[in-house]
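Across the two complexes that follow, chain A remains constant while its partner is chain B and subsequently chain C.
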Partner chain A sequence: MSIVLKTVAEQLQIPIESLTNDSSPENLKNWDSLATIRIAMALEMSESISFTTEELVKFSSISAINEILSTKK
Partner chain B sequence: MTNMQNTRKNDPQDAQKLLELIRTDYPAFYQSVNENISKNPNAFKELSSFALGWAKEAIGADALEVIAKGYAYFVTDVNRHQIEYCIRGHYKNKSYTEVYDQIYNNDEYMNIYHWGVFATLFLWNHHLRIYDFYRDQFLPMLDNCANMIELGSGSGIWSTLTCSLCPNITTLGIDISKSSLNIAQKISKSAGVSLRASFKVGDALTFKQNALFDAGISCFLLEHLEAPKELMNNLAQCVKPGAPIFITAAITAAEVDHIYEFKNEVEVLDLLNESGFRILQVQSTSPEPDERLCFLPRSIAIIAVRKSSEHW
Partner chain C sequence: MTAENNQKMIFLSGKYVNLVGLTEDDALNSDWFSWFNDPDTTRFMQKGYFPNTAQQQLDFYRQHIVGNPSKLQLGIVASGENTLVGIISLNNIDHLNQKAEISMIIGNANFRQMRYTVEAMKLIIEHGFNILNLHKIYGGTLSKDWADLLCKTLTFTPEGKLRQDIYKSGTFYDVHMVAVLRDEYKTQPA
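Entry: the complex of A and B
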């Protein structure tokens, strides 16, 4: 299971099955700017990484987060 | 007080273009912005029209992109700090030294940050309400005032607004940042009020001049200071007895350079009272409470007058 899908589902409190790589703030009402930070902080804690502000403003979809996360590993 | 229609305006489409930029480039921020401005569409239309027109001349052709980016970066940092504040229970930084190199001495950060803060003036509903309060309740008190001092004038938007709306007043803005001063001068020039709105580099905590001012303001500076009482004491020494003043401050609102933590409105009111001001009107505003945050970030705006004596 993708850590990003799992984290986004937990933070937005929605079923993981409802998420796809295209899920984004544009098509998920609960995904606002505060949720973005909660998603990021949960990933930072679970993956022992940290995101810059520049990276966080690019958290525009599941696939975008996966792409940013891939640069951390 | 003059009518907004009599002063210089920009392209009314700019606000819509900015919103569209936020929607497409920073979608996580769009929903709350849209909700904010729908609660106070008239103030948004009025203030964004002015502010974006001024910013376009100060920034240049890519002004809307710079402001949209600044807003996204600023709110991202604010959200992170507010969540961490809820976990930690107090602000991250407590001294000017801690934030100086990270923020104030970092030109790249300051440029993005500056325009982000600027955008919150008209993209956050609780700031729009403070603008309404300033325009409707404070500015009419300046009818008989010839001059006004602004301590910590930053980008100069409050002084510029004042001169734009009150055709007989002159203002002097004092700020320690030379880059902020440059922006303030560009903005006042763009607004067509540069002959009446002047700005000077100086320390808001110690600035003095021989003649006292008829009125004074200081907006969102108190929380950036280690000892905010020094600012209020200095303001009291800069204005005449009976002079109206307008003060704003952030309460339980964590930002990287908020180093003085006001925990409630009374703490700010006490500060003014102890510095020799009599409180006339208070407005406390906030975003909609969010159950994900244990502290409600809010802004307080206060209209007061300098006391003539301890009991007056």
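Entry: the complex of A and C
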């Protein structure tokens, strides 16, 4: 299971099955900037990484977060 | 500041948003006044206690925004568009102590995304430090997530909390205080 999918589902409090790689703030009502901060901080905690502001602004979909995360490993 | 025909007067320009000068027309004929009647939009604000009308918004504009050297209030408009989606302000501008309080409302939920939020904040903070010669910009919020956002993306620092300071929806909430000093503020591309 993708850590990003799991984290987004937890932070948005929605079933993980409802998420796809195209899920984004554009198509999920609860995914606002505050949710993005919660997602980022949860990922930072679980993966022992840190995101820059520039990266956070690019948290535009599940696939975008996966891509950013892949550069951290 | 630029304006053409009915275009908003762009005061500060960014990649994702422009901050525009507000007008009487905005008070009367935009959604601005109605945002303060929406429980979801005002859930972290000391608003929504009494109804707000377009006329009240116009009165507020005339009494508190026009010619007020202690307040810089601007509209948020997405780049390439001409509709207000929010308001951002530097309030209580204290020219002696060189500090001001920041606040923001994004009334249109479609624009409550990181790129709009951070860039709008960034534009007014940099105007505050570089043009208004502020030394400190501070804010208080009922939302820990909002405080985290300011600290994580715009180099604010927590300054403590006012315990059970605000009554809202049946609960006394702590107010999380955050601030950034000019020397601490780090510009990051948004």
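To be clear about the criterion, the second predicted complex is superposed on the first by the 73 of 73 C-alpha atoms of A that agree within 3 Å, B and C clash if a C-alpha of one lies under 4 Å from a C-alpha of the other, contacts with A are read in each partner's own complex, and residues count from 1 in each chain.
What we mean here is this: contacts are C-beta pairs under 8 Å (C-beta built on N, C-alpha and C of every residue); 3 or more make two chains touch, one makes a residue touch a chain.
These numbers come from a predicted model, not from an experiment.
So, A:36: does it touch chain B (first), chain C (second), both, or neither?
both
Applying the document's definition of touch, where does A:16 land relative to chain B and chain C: first, second, both, or neither?
A:16 sits against neither chain B nor chain C.
In the superposed arrangement, does A:45 touch chain B (first), chain C (second), both or neither?
A:45 contacts neither chain B nor chain C.
One more residue to check, A:59. First (chain B), second (chain C), both or neither?
In the superposed model, A:59 contacts both chain B and chain C.
Of all the chain A residues, which ones make contact with chain B and with chain C?
25, 29, 32-34, 36-38, 40-41, 53-54, 56-57, 59-60
What residues of chain B sit close enough to touch chain A in their complex?
By the definition above, chain B touches chain A via 26-32, 69, 72-73, 75-77, 79-80, 83, 290, 292-293.
In the complex, go through chain C and note every residue touching chain A.
Answer in residue numbers: 109, 112-119, 143, 145-146, 148-149, 152-154, 188-190.
Please name which positions on chain A make contact with chain B in the complex.
Residues of chain A touching chain B: 24-26, 29, 31-38, 40-41, 53-54, 56-57, 59-60.
Show me the residue ranges of chain A that touch chain C in the complex, using the header's touch definition.
Against chain C, chain A makes touches at 25, 29, 32-34, 36-38, 40-41, 52-54, 56-57, 59-60.
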